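Structure, as structure tokens:
Labels for the chains are A, B, C and D, by order of writing; each one numbers its residues from 1.
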């Protein structure tokens, strides 16, 4: 399991040494090996049925730092490698030699992925803070890379949001350490009880709030549309598909782990914000002028679903619904941003209104967009549909009809903005439209990711089984 | 995997695989695309033939695949499913032939035939679904794969029709999903079974079950174009003629009607549905739709719009038959599933021919078309007479059984509904026949594409499909008592359905 | 009140001050400073709370050192981006986000 | 209005937090004993260094990655196109800077060495090195860095790569960064030496890559 952290660190730094624009094959090779490692880890966790533990330095918590991999970690690691590898192949074709935005893409992406993998494996609250910063700063760098004023402004906005988020989280960790003298999740979990001192409640609130800022939960989402909507397509894909999921994962970890005795009182708050996120994000996506901004707002909305599960935890299907949604959205949103990148590259236009005729010129890309849209709308047989199904069942289990209504309304709203794009693309092209040819590889990556998000819907049972391992 | 397991999958694959390959074919590879289309369609027919023989002999075909713990994608090919499968597979072949002729030289044909094949795959999935979950999966796939076909022309008008279509079907899908998850939540499964499964819940859940029934029927009712959920159908007639054929006869409205059959018979069970007082409201709704659709059809000058309202009316015959408690009504409803498809596809093929050959889109432009295009007009006439229910056509058989069923179920008013509808049918079809055969042509044709030659009134690929389906219309009427007729098959289904009811064998849930 | 608690309380004040600053201040340089004030507050709490008598606990101290380095990296990054924005637009405040 | 809201929110938060801080806390886990008892096996004598490079060395590994990342982000963000103009050379300052540089290097080496048993270590040593570079630059003796040459990229990355290699190599001991007690001191010194150079370059880079006059266009 350490390979998943060491490998990307190694190829990221070597890619930097190699120099601007270089390191593509190093990255693709490294990511292929990581993908294999992630599947291997998933197989081990799934077969053993228990969490794997790796005490770094051989000390063990509380003195040392533990790495731990259970079903949840294994699923998230799979998600990262399964999305990063195709995106790397895509980015290899997307960034041209001498492209300022791509000059340092490989080292930055490498550190980002290393940070993500480290985050999903860490079982130490302070170490998690360092991984959060690694992920956050790498993500900011990717947004800023080689960009104009728009992009730099977006990066700065993102930077402050992520710094405030990790600052709140760090203060929480400091308070927890002050109260219990340890930051090991495993040791803390039995120590924290519902009669914990007020300090611990504040700490929990700070950590969750900080992570919600980083996950761009409504109303902390304001940084996301500009960051995800202005970055180059492969970067937007990485950020929307993976980075926001990292902080969500950590919320889930804390919620199910050490903070479990404290959270029952506030379980409706994230769900309420999630519901607002779905409505507001969808509404903004329906109104958005630029294609990428539409997709970015769709991310705001889709992240909302993740937070609907909290009042249903711990209960049947709730965790499964959240993770299925995270996985499905990751694949679909990566596909969608890649597809948008192809369209913008080919037509040279960014606005939704200028898409007319795209279906004729780029049928594969549009098909990919449609498939990804299926997942976002939660239409069968996509994985997004399974997530919706699980969520509705979990909500019915608790008799929460309000959540059911939100989920269903969200699906219809998603249909409005997805078909807003598809409809425009199916219109006849204006006579003066000029379309550049784009490498087929770019189109295929979008298609593969989108197809994966749909086909996963047929194998949801494997994901659920793996998720149950070692929990 | 045994042959009994992979046969249903092969039926799906016979249109799915050609469809996926067609998507990536370059536009110009016409020969390969046509070959793929036809090989797929014929392979499917062969497979369906094997299934028909097997099911008639009592073999059970089925396969399931776990999607989530406790949730299976399950297929079965039973007598009821095969009725729909056979109809769709046969009509698919003719529609493909017709579409090849119709779209000759048009742009984006790879995309068109790709989605066309997906659409049929979805229909097959709906027909073979062994539980409501699977049904829903393919039901939504059908929505998605028909949208690009409806908007195929890419005009603003097409887009408007497509958007309305989507709004209705997606909203309907949402209602359907709600009902299915709710039912699944209550029962733990949604498998179709001969006597239904809802009865397992007992009377204290009656309110919930009624609400679920409402949701489910609203969901499938959108595609079946039950009033007041029918608004999309007349708008969707902007689609190219083969797509209209697909919407009205092969796939979409049929999927909705078929869903009603499955839900009433195999989820609720016809006796339990009767006990819950669900059948009479359904019958009333169907009756309203029948009359309203026919009534609206009277006032349409646009030929395809008139046909669309006619569909609204005719498809509800199926719903009416289902809602008539008793085997005779069932037989009438089921057989109409086939008969309506055969007749309506003929009418749409012919409407397409008039439009493609002469540029005729409106009823008022049809004067004298019979002499210019006699073969097309003969086919149109047969199908129109069938719709009215003139003896010796398939339509007469349907109406006879439905009336008898209504009488047997003690719903005399339904017989009146059928008579009223027949009168209205006559009122909106006979003027057309009068115009085409007996009014002289005074003006030039609106837009003549294909010049007249003896025995070549239009392209052969456009002419053959309606002629064949018109022949079916006659044959199913004349030889209704033959063992190979749809009527015989409908009797087989009804017999199995009601025999299972009588033996009171409890349906066994699948996960045990 | 022990010295540790004094540190921690000061840290709490600094953190609140810094947080308000990061949210309210438009000038980017000052906002970066506010972020550093906020970080310092967290570090003070981390060390102060652990210091309940005279023997220092090396673990939180090491954590603070790590945290400081991370904060240095983040500050450098923020400064670089601010400079870049200034070079591109001549502004030291963020432009309004598009609607 | 917004100011008032945020300001009062922050004040309320501070009051709440301080109130909670003043409440008595349950005795937590005391790691001082554990640290003390494992000092012998850590390879260094100063507890903070032991935690930084051994007990929680993994944190430090990632922290160095963050620093390296910061430099890369700055490079990726794009350097100002403006030309680097030599600063007005002040001979007195220049000679002072020249004079100061060798002792600063000595101090850095001392700090590195001292880190094993008293406050000090790679970061501090690197910071002194970087300060020397900044001093030279400000007096006009060292131009700002236009773009990182291969040697500079190696230099900035070497420390991290050594650390990473040591961490990976120690997987043979059964766990990441599991120093065998006998070689721990030597390995940590190796890591720290590499880090000192690289951190010096990185920190200097944070300044020197950015330190250019943005030209006359404003």
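The definition used in the following text is that a residue touches a chain if its C-beta (ideal position, glycine included) is under 8 Å from a C-beta of that chain, and two chains touch if they have at least 3 such contacts.
Since we're looking at a predicted model, the values are computed, not measured.
Using the average of C-alpha coordinates as each chain's centre, B ends up farthest from subunit D. When chain pairs are compared by contacting C-beta pairs, A-D ranks highest. Of all chains shown, A has the CA centroid lying nearest to the centroid of every protein CA atom. Once the centre of each chain is set as its mean CA position, subunit B and subunit D turn out to be 72 Å apart. Here the spacing of subunit A and subunit B, counted between their Cα centres, is 42 Å.
Taking each chain's centre as the mean of its C-alpha atoms, subunit A lies 27 Å from subunit C.
Chain centres here are Cα means. That of subunit C falls 17 Å from that of subunit D.
Counting partner chains per residue, subunit A shows two or more touched chains at residues 63, 126, 130, 133, 137, 140-141, 144, 152, 155, 177-179, 181.
For subunit D, residues that reach two or more other chains under the stated contact definition are 17, 21, 30-31, 35, 55-56, 59, 63, 66, 69-70, 73, 77-78. Residue numbers of subunit B whose C-beta contacts span two or more other chains: none are found. Interface residues of subunit D facing subunit A in the complex, by the touch rule stated above, are 16-17, 19-21, 23-31, 34-35, 38, 54-59, 61-63, 65-66, 68-70, 72-73, 75-78, 150, 153-154, 156-157, 160-161, 164, 167-168, 171, 173-179. On the side of subunit D, the complex with subunit C involves touching residues 2-3, 6-7, 9-11, 13-14, 17-18, 21-22, 30-32, 35, 47-48, 50-52, 55-56, 59-60, 63, 66-67, 69-70, 73-74, 77-78, 80, 82, 123, 203, 206, 209-210, 214, 218.
Note for the complex: subunit C touches subunit D at residues 1, 5, 8-9, 12-13, 15-17, 19-20, 23-24, 45, 49, 55, 57-59, 61-63, 65-66, 69-70, 72-74, 76-77, 79-81, 83-84, 86-87, 90. Interface residues of subunit C facing subunit A in the complex, by the touch rule stated above, are 8, 15, 18-19, 22-23, 28, 31, 35, 38-39, 41-43, 45-46, 48-50, 59-60, 63, 66-67, 70, 73-74, 77-78, 81-82, 84-85, 88-89, 94-95, 97-99.
Interface residues of subunit A, counted against subunit D in their complex, comprise 2, 6, 9-10, 13-14, 16-17, 19-20, 54-59, 62-65, 67, 100, 103-105, 107-108, 111, 114-115, 118, 126-127, 130-131, 133-134, 137-138, 140-142, 144-147, 152, 155, 177-182, 187, 197-199, 201-202.
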